[in-house]
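Right after this note come the structures.
Note that chain A is present in both complexes that follow, paired respectively with chain B and with chain C.
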Partner chain A sequence: MRPYRAMARIAWRNALAYRVPFLMSLSMLVFNLVAMFALWQALLGDGNSLAGFTWPQMKAYLLVSFFTNCLVSTFTDFAMASRIRSGAVAVDLVKPVDYQKGRFAEALGFALLETAAAATVCAVVLVAFGGVPLPPPGRLALFVASLAAVVPLKFLIVYMCGLICFWTQNYLGISLARVAVSGILSGATVPLAFFPAWLRHVAEALPFQAVTNTPAMLFLGRSPGLPGALAVAVQLLWVVALWWLARRLWHVAVRRLTVHGG
Partner chain B sequence: MHTLRVYRRCLGAHLRATLEYQADFWILVVAAVLTQGAGLLLIATIFARVPRIHGWGVWEVVLIFGMMVLAQGASELLAEGTWGLAGLINRGELDRMLLRPYPCLLQVCSSRVGMNAFGNLTVGGGLLGTALAHLDVAWTPGRVALAAVLLPSALLIKVSLTVVANSTSFWLRGAINTFAAGLDQLGELTKYPLSIYSVGLQAVLATALPFAFIGFFPVSAFLDHGRLAWVGLLTPLVAAWCVLLAVAVFRRGLRRYDSAGN
Partner chain C sequence: MAPTAALVEASGLVKEFRRPRKAPGLAGALRHLVTRRFDVHRAVDGIDLRVDEGESVAYVGPNGAGKSTTVKLLTGILVPTAGEVRVAGVVPHRDRVANARNVGVVFGQRTQLWWDLPVQDTFELLRDMYRIPAADYRRSMDRLCEVLEIGSLLPVLARKLSLGQRMRADLAAALLHEPRIVYLDEPTIGLDVSVKDRVRAFLRQLVADGTTVLLTTHDVGDIEEVCRRIVVVDEGRIRHDGPVDVLRDTLAGHSTVRFQLAAPAPLELIRQHLPDAEVSAGAGERDLVVRFDRTLRPAGAVAAAVMGLVEVRDLRIDDEGVADLIRRLHDRDSPAALTGAG
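And then the complex of A and B:
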């Protein structure tokens, strides 16, 4: 445990030391939030409701989606990708720590800061706009649990995308594609309730929806069919399944590594 | 003339170099298509349920969106190198460029080619064509002339604003300019009709950071849509201003440049 704790601490300090890039990448998500707020307010502001969403509910949805977007954003994968491409990953292989757990520890360190920053933004928005229906304490606890499950879940998706760098030279494209695909299938771009039925069924069968859709639906108390606790259980099941899958992928990927000289 | 020819050949050389990595090329093209697809999905979902946003119909919004995508493609093709400016300054590599008998700004611009440019130019062009086909535009000679002036001006604004944003690297001095990325993201707000934002934000996007002149205002003028349609006729003037600004800011920055010391 000790080496991982140290890694998490170093990641946290790193993010604190490079505050400007961190805050700037956060500001990009904030600008997106501003656009979405304005867009949906134009649509729902005068008391309309679309696909069962009223303006206060949509505000809550957008904030939860912003929060999950902030967690485990681009630090883990870009750092990993550059080390794989430069061959510095060889040094990681020599260390007597598990690669996947090590990266996860770092992601946790970052996530602490990301949570603090995202919570601050959400608090400011809540004060400025107000009017978000808060769930009762029992469901709020479930919501917090499901937010916590988002961290390992999103980490695993990001981590597996980072591993693709063992096959390709360029990581930017993979990262952009991941953001787009998971944005669509998680419900971060548009709530899944707006999708045509077939696309919603596809999305519900994939792990992405557990990143944004599950916590947002728990917050709003709209998990059709699934009782809240079960929704969190599904998230955890995905974490276990993806953890195992990521390990398999790592074992295949690492065999492709060729490092020239030293 | 000679200057332009060298610029084209520089870009061509980078293009050939990047095309060597075919898998990466296709990944980036697909990534661009997916990213814009997510944006389109949002527009499509909204307009499946409401006919207009603040008086703007679906194909009008798609036209704005298409302009933004096309402009992004243009800036990735013509000025992608500026995204590396922060690194060039940080490592003192600008020295080399200053020694060559060729404008430094153009060297920086053509020092890289953005591979998503092809995806974005194709998607943007396709969207523009589709939207125009659906909009039932009367192609009088005046209209054609208007389009012929507005389109290149709008693209030029985007390219110039990218240069301005990245020229801040001379003052910020990090190895990566996240400030520019933040500004770029702010510009994304103008993908939607400007009237959905608060008056202050509208004013900023129309004057200080004239991102609204890339899509919203030229499209308003072209379709003669809304009270502010006449503002769009200023697009060529704004373009001229942006080009002058880009050159001036880059020159001012270059005067501050003092190499890396070895």
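And then the complex of A and C:
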């Protein structure tokens, strides 16, 4: 544990060294949040409900979605991709730490900062726009557990996308594609309840929905058919499966590594 | 003498890279999407290398000879296409973590310092990464701070260091866990003379203390001052392997006379008259370079022979050192590049 604790700690300190780009990308998410609030308030503000969402519920959904968007976002993938492209990954490979666990430790360090920032924004929005219905304590505990599970889950999605750099040597396109695909399939852009049935079934069979849909539904008490604890168990199952898949992918990817020059 | 347990054992080591072959321009890029064609490049082509505990080996050769690729195979960064490697009994690319504990690596052109944090933070991270006990860490740090004079650099952000300071900090970072073998990939590249001297003195001390060192370099000073053994590699193959001082002695028997002639040099004619010498053109068409074994004929005889054939404006006699070997190695067109090395 000691090496990984140290890596998480230094990642956190490094994130503080990069607070300006961090705040910039956070502000992008905040603008997006404000726009979504304005949009949904116009649709639901006068007491309407759509696909079973009332305005207070939608506010809660948007905040949870914002929170999960903030977690494991800016740092992990671009930092990793640029090290693979520049060959600096060579230095990571001669350290006595497992590459995947090492990157995860760093992602945890960043996530600390991301959580603090996202929680602050949520608090400010709650004050500005009024409260949202809080779930009962038992469900709230499950919600927090599911939010915690989002960190490894999202890390693994981001990490595997980063590994694609070993093939493409270009990351921007992959990153944009990942954000677009996971934005839709996670329910971060629009709740899954608004999807046509076939797309909803597709989304429910994929890991992305466990990133935003699962914690949001837990918060709202709307996990259809699934008791809350089971929803969290499904998240954890995805974590285990993706952890294993990422390992396989890494073993293939690292064989492709070419580092030229010193 | 150092004990003779094999620390590094590589046999039949091969590394191939695939390079996409693209025609220029948009048409070429589009065509590459449909018919992907690749050139296979063998950067390392069947290398056998054994390094014993306590040895200091210079691994030299021209750019693109496969030096850095070999180091990356030995450190487990790259996975070999074929062949086997063992370093201290560990297959580096299969068990990276175990291998990392035994080795230290310095890449002259890369840093392992955390760029935006004080140097001290990197050292503390490494202490935890390698699980170095607190007492050992203090002892190690004290020693490194003293010999590399990095004590004053500890609170400085890594990106604010000069190249020489960065290299010293990087050396310390690679040695903090007291590895059994240190790989140094061009450790003095870009450094000024005084910093080079300090780094070399430090490396000499390291070797004297029993650490195994393998360094790649283009710098003759690194070789002559630090290493006892030299391995010359070109086009992915080992071309020479032996003690540095033997190489120096062999070369010491050779001299080179550089002539400046009044007219373009008639190379064939001169070769006929000096059959046991190596006759080649110099930089200009009126330059002539004759390399010969001094034990067979004195420089005066060579000069006289040439002056009897053509009009000589100027001449200079050079004795050879390791530098000349490297220089001729870098000139790949010279077929006799290694005659002096035996």
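The rule we apply is simple: the second predicted complex is superposed on the first by the 262 of 262 C-alpha atoms of A that agree within 3 Å, B and C clash if a C-alpha of one lies under 4 Å from a C-alpha of the other, contacts with A are read in each partner's own complex, and residues count from 1 in each chain.
To be clear about the criterion, contacts are C-beta pairs under 8 Å (C-beta built on N, C-alpha and C of every residue); 3 or more make two chains touch, one makes a residue touch a chain.
The structure presented is a predicted model; accordingly, all values stated were derived computationally and were not measured.
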Exercise. Looking at the overlay, does A:119 come into contact with chain B only (first), chain C only (second), both, or neither?
Worked result: neither
Exercise. For A:7, is the partner it touches chain B (first), chain C (second), both, or none of the two (neither)?
Worked result: second
Exercise. Should A:257 be classified as contacting the first partner (chain B), the second (chain C), both, or neither?
Worked result: second
For this session: Quick one: classify A:177 as touching chain B (first), chain C (second), both or neither.
Result: first
Exercise. Looking at the overlay, does A:189 come into contact with chain B only (first), chain C only (second), both, or neither?
Worked result: first
For this session: Could you say whether A:98 touches chain B, chain C, both of them, or neither, answering first, second, both or neither?
Result: second
Problem set entry | Partner chain in contact with A:88 - chain B first, chain C second, else both or neither | second
For this session: In the complex, go through chain B and note every residue touching chain A.
Result: 21, 23-24, 27-28, 30-32, 34-35, 37-38, 41-42, 45-46, 48-50, 53-54, 115-116, 172, 174, 176, 178-179, 181-182, 185-186, 188-189, 191-192, 195-198, 201
Exercise. Any idea which chain C residues touch chain A in the complex?
Worked result: 17, 68, 72, 75-79, 96-101, 103, 105, 107-112, 114, 116-117, 121, 124-125, 127-131, 185-186, 189
Problem set entry | chain A to chain B touching residues, read off their complex | 20-21, 24-25, 27-28, 31-32, 34-35, 38-39, 41-43, 50-51, 167-170, 172-174, 176-177, 179-181, 183-184, 189-190, 194-195
Problem set entry | Complex contacts: residues of chain A adjacent to chain C | 2-3, 5-7, 10, 13-14, 17-18, 87-88, 90-91, 93-99, 254-255, 257-262
